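Pasting a structure here, questions to come.
Chain IDs A, B, C and D follow the sequence of writing; residue 1 opens each chain.
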Amino acid sequence: MSKKMLKEERVQIAKRVAEEFETGDIINLGVGIPTMIPDFLGGKEVYLHSENGLLGIGPTPPEEEIDMDLISASKQPITMSPGASLFSSSDSFAMIRGSHVDAAVLGALQVDETGRLANWAVPGKSILGVGGAMDLVAGAKKIILSLTHQSKDGTPKLVAELTYPNSGLRKADMVVTEKGVFRFIDETMYLVEIDENITVEELRKITDAHFEVSSDLKTMNQ
Amino acid sequence: MDKVISPKEAAGMVNDGDTLLVGGFGLSGSPLSLIDEIVEADVKNLTVVSNNLGEEGRGLGRLLKKKQLKKAIGSFFTTNREAVRAWADKELEIELIPQGTLAESLRAGGAGIPAYYTRTAVGTDLAEGKEERSFEGEKYILEKAIKGEVSLVKAVKADKLGNLYYHKTAMNFNPEVATAGNIVIAEVDEIVEPGEISPGDIHTPHLYVDYLVVNDRYVKEGGRYVEKNA
Amino acid sequence: MDKVISPKEAAGMVNDGDTLLVGGFGLSGSPLSLIDEIVEADVKNLTVVSNNLGEEGRGLGRLLKKKQLKKAIGSFFTTNREAVRAWADKELEIELIPQGTLAESLRAGGAGIPAYYTRTAVGTDLAEGKEERSFEGEKYILEKAIKGEVSLVKAVKADKLGNLYYHKTAMNFNPEVATAGNIVIAEVDEIVEPGEISPGDIHTPHLYVDYLVVNDRYVKEGGRYVEKNA
Amino acid sequence: MSKKMLKEERVQIAKRVAEEFETGDIINLGVGIPTMIPDFLGGKEVYLHSENGLLGIGPTPPEEEIDMDLISASKQPITMSPGASLFSSSDSFAMIRGSHVDAAVLGALQVDETGRLANWAVPGKSILGVGGAMDLVAGAKKIILSLTHQSKDGTPKLVAELTYPNSGLRKADMVVTEKGVFRFIDETMYLVEIDENITVEELRKITDAHFEVSSDLKTMNQ
C-alpha cells in the first residue's frame, strides 16, 4: 500500500471522528491519527485538553514562535487558544479521572467485540511506556478509538478476544477505521457506517470480531 | 534565610541509593543544570521518579548513560532507546505507573495521604499485586503515596523566599514533585525580590522549597534550552 | 455555548432533597445571590455541604431560617446560633467533618477518587464508624469522596467560556466545590471575553462550569458585600 | 480576677510562645491567645499560614483598607506580606496534613500529662464545630498549646486524664500558660520554666497533671 493511500485512510478516519463532536465539547486527542482531527472540525468550537497541563490547544505555531515549554502531550509545540488555561499534572488528571473530559480519541492496537481495548503494550515486548492511556480509558466520558482496520501485514485489529494486554475494564463507545464505523450497545458491536468501496461481506473477512449490522447502515463520510 | 546555594552544594545533598523525585515532561520543566551537576558528582544506585528519563543523552538520560541509576519509576520510557536497552540488559529496573496515578501519588506524598483508590489500571497488568476494592459497585485499586529523599524541580522564576513560578506547560509535574521530597531543591532561571511575583501567580509557595539554585548551564534560544558552551 | 442564565433559571435546577455543595468560608466567597434565589424558589429538604452555614440570617443562614434544610455537612456551625438551636430542636441534622478533610473529600469527589486515607481525626469521636488502617506503623482512617447534585460557587470574574477567577481568600473551598457537583453553577460579579483572564490566572478551568449567573443582588461597599436595595 | 489581669496573663503567654520561633518558620496560629503572638516576634521573620488559603499574613489593615475577602481563619481582615501566596482550601490543608507547617499554636480546653489534648468539644454540649483543629493536630510538625492555666472557675486544664473529647492521637510538644512552660519528653511532662510569682509547690496545687521539674528550671519570660 502506497504512503499516499495510507495518508488518505488516516484522513478518512480523522474526518469521521471530527463529525462526532459538538460545539463546547472537551476533547483529549491521543498521538497518531487523533492529532489530525482539529483540521476537520469545521466551525465547531471544541476545547482540546492536553494532559501535560493545558485546556485550549490552539494552532501549531510558526517556527519563530515555537516555545518548547508550551507543548502537547505528544511533545509537539502548540499555542493557546483564547480562554486557554494552564495547570499541573495532578490537576490535569483530576479532570480526566473525574470524568470532566467529554471524549478521548485514542489509537488502539486491538479492540474486542465487546469494546474492550488494548493500546499500550505488545505481548513479548518490553512494557516500558503507558503514558496517560489508562487514565484516559478509565476516566473520559466517551472513548472513541481511531485506528486503521488492519495492521500493516493485514492482521485484523478488531478481534473476537484481545491477545494484547488490555488497557482497563472500561470499554470503548465507538470505533472508527477507514473501512467503517462501529458502535457498542450492551457489549455488542454494531456496524453503523461502511466505506463506499467495501461490502459488508468483504468487511467481515478482514474483521475477526463478530459484529451486527445496524438496520440503519449508512455510507461513511457522506 | 538565604535559600540560594551553588549547584555543587545542591548536588552534594544527593546520596548513593537515594530516591530522587524529578519534575519535567520530557525535557520541558526539567532541572537540567542540577541533573548535570549530579552527573558530575558521581553518586550512584539512584532511583529516579519522573514521568520520563529525559531524552537519550539529555536531562535525566545523562544519569542513565553514566550508569548512576538503579531504577526508574515513571509512565513513559519507550522513546528513550538507551532506557529500553539498559532494561533489556538488566542494568535498569523499571516500574511503570500510569501518568495520572504518578501525578496523584506524588501529590498524595506531599499532602499526607498515604494511599487512595483509583479506577485507573484496574484489570490490567499494571494492577498486579495491587489491592482491589469496590465502591458503589465499581472496582478500584489502592495506590500508595510516593515520597523521596530529594526533589528536584525547575521553575522559570523564584523570589528570594523560594516562591516558584513555572512557565506554561513546563509546570507539569513540578508542583507535585515540590511537595513530596524530604529536601526540595528548585532550579530557576531568575531570582527576584519577595513581592515581585504576585500572590496569585505563585504556583509553589515557599514553604515547600528548601534551596534555590540558579540555572548556570542552559540558556533558552529559539524556544529551546541549549547548553551555554555548546 | 452561552453558559449565562438568569438567577431564577439557576435556582430552578435545584430540586427538593438535593445535596448542594456550596463554596465560601463564612460569607466570603459565598454565592449570595444564588442562595437568595433558592430561598425564594422554596425548594426543601436540602442537604448543604459547606464549611459553615453562612451567618445567622445571611448567606446559607437564610436557607436554614426558612427551614429548607434537612442536613448540614461542614466543619464549623457553632457560631451560628440558629444552627445550634435548630440542631437542638431536631429540625436540622448536622454532620461534622474536619475542615481539611472536607476540602480533600470535595477534591476527591471531583477527581474520581472514591476514598483516601488520612491521619486527621484518628482516635477521636469524629472517626466513629470510620475504617481504620495502618500504613508504615501509623494509623489512618478512610474518608470517602463527597459529591452532590448541584455545586454553587462564587467567583469575582468569569469569561464567557466559564473560566473562573477568585478574589484573594474568597477562593477558599470554591475550586474544590466547582469540581464535585453534577451541575455546577458559578455566580460572578463580572463576565469578560475569553482571553481577558490570562491562562495562568484561571483558577477553575471552564470544563468544570456548566452555568454562569451574574450577581444581581449584592454590591461590594467598604470591602463587604451588601444588599443592593438594603 | 480583673479583665486587666487576664489581658496581662494572655500577653505573658503570647510573649513566651513567640520566643519559640526562628526566622523562616511557617506558623499557623489558632484563634484566641495565638492571634496576639505576631506583636511579640521582634525582628524574627516568620510566615503565618492561614488555613482558609494564604501563606504570609501581614499586619491588620486600617479600616478604610479592609476587604472581607482577605481574611484570616478567624474571619478577621488581614493584609498580605511581601511574598505572600494565595491558594484553595485543599491546597492549604495539603500543607498542613503533609507536615509542611513548622508549628501550630493552638488553644486547648484540656491537655493531659502525656501531651494528649482536647480543644474542640465539651462533653454534654452540642458538638457543632471542629474547624481545622484536628487537621492541625494531626499534621503540624510541632504542636504548641497556649492556654490559661485554669478555667475561670479555677478548674485545672492540665489534667491527669482528659475528660473532654480528644482532638487526635498526636500529642502536644509544649504547653505555655501564664504560670509556666512545660515540655513533653517520652510522654512525660516537664516543667521547664515557671512564672516568678509562683513556687513549684503552689503550681502543683493548681495542676491536676503530674509533671517532673526540669533540672534546669528557669524563670519564665526573663
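Methods note: contacts are C-beta pairs under 8 Å (C-beta built on N, C-alpha and C of every residue); 3 or more make two chains touch, one makes a residue touch a chain.
Worth saying up front: this structure is predicted, and the values here are computed from it rather than measured.
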Set of chains whose contacts include both chain C and chain B: A, D
Centre-to-centre distance between chain D and chain C (centres being mean Cα positions), rounded to whole Å: 29
Mean-CA-position distance for chain C and chain A (Å): 36
Between chain A and chain D, centroid-to-centroid distance (C-alpha), Å: 56
Contacts with two or more other chains, residues of chain C listed in rising order: 104, 107, 111-113, 118-119, 168, 199-200
Touching two or more other chains - residue numbers and ranges from chain A: 54, 86-87, 93-94, 96-97, 138-139
Chain contact graph, described as a line, ring, star, complete graph or other shape: other
Chain pairs in mutual contact under the definition given at the outset: A-B, A-C, B-C, B-D, C-D
Complex contact set, residues of chain D against chain C: 50-54, 65-71, 75, 77, 86-90, 92-94, 96-97, 121, 126-135, 138-139, 165-170
Contacting residues of chain B [partner chain C, same complex]: 104, 108, 111-119, 135-136, 138, 140, 144, 168, 199-201
Residues of chain B touching chain D in the complex: 1, 107, 109-113, 159-161, 163, 179, 193-195, 199-200, 202, 205-208
Contact set on chain B toward chain A in their complex: 25-29, 51, 75-79, 83-84, 87-88, 94, 96-104, 106-107, 118-126, 139, 156, 167-176, 203, 222-225
Complex contact set, residues of chain D against chain B: 23-24, 26, 45, 47, 49, 54-56, 80, 82-87, 93-101, 138-139
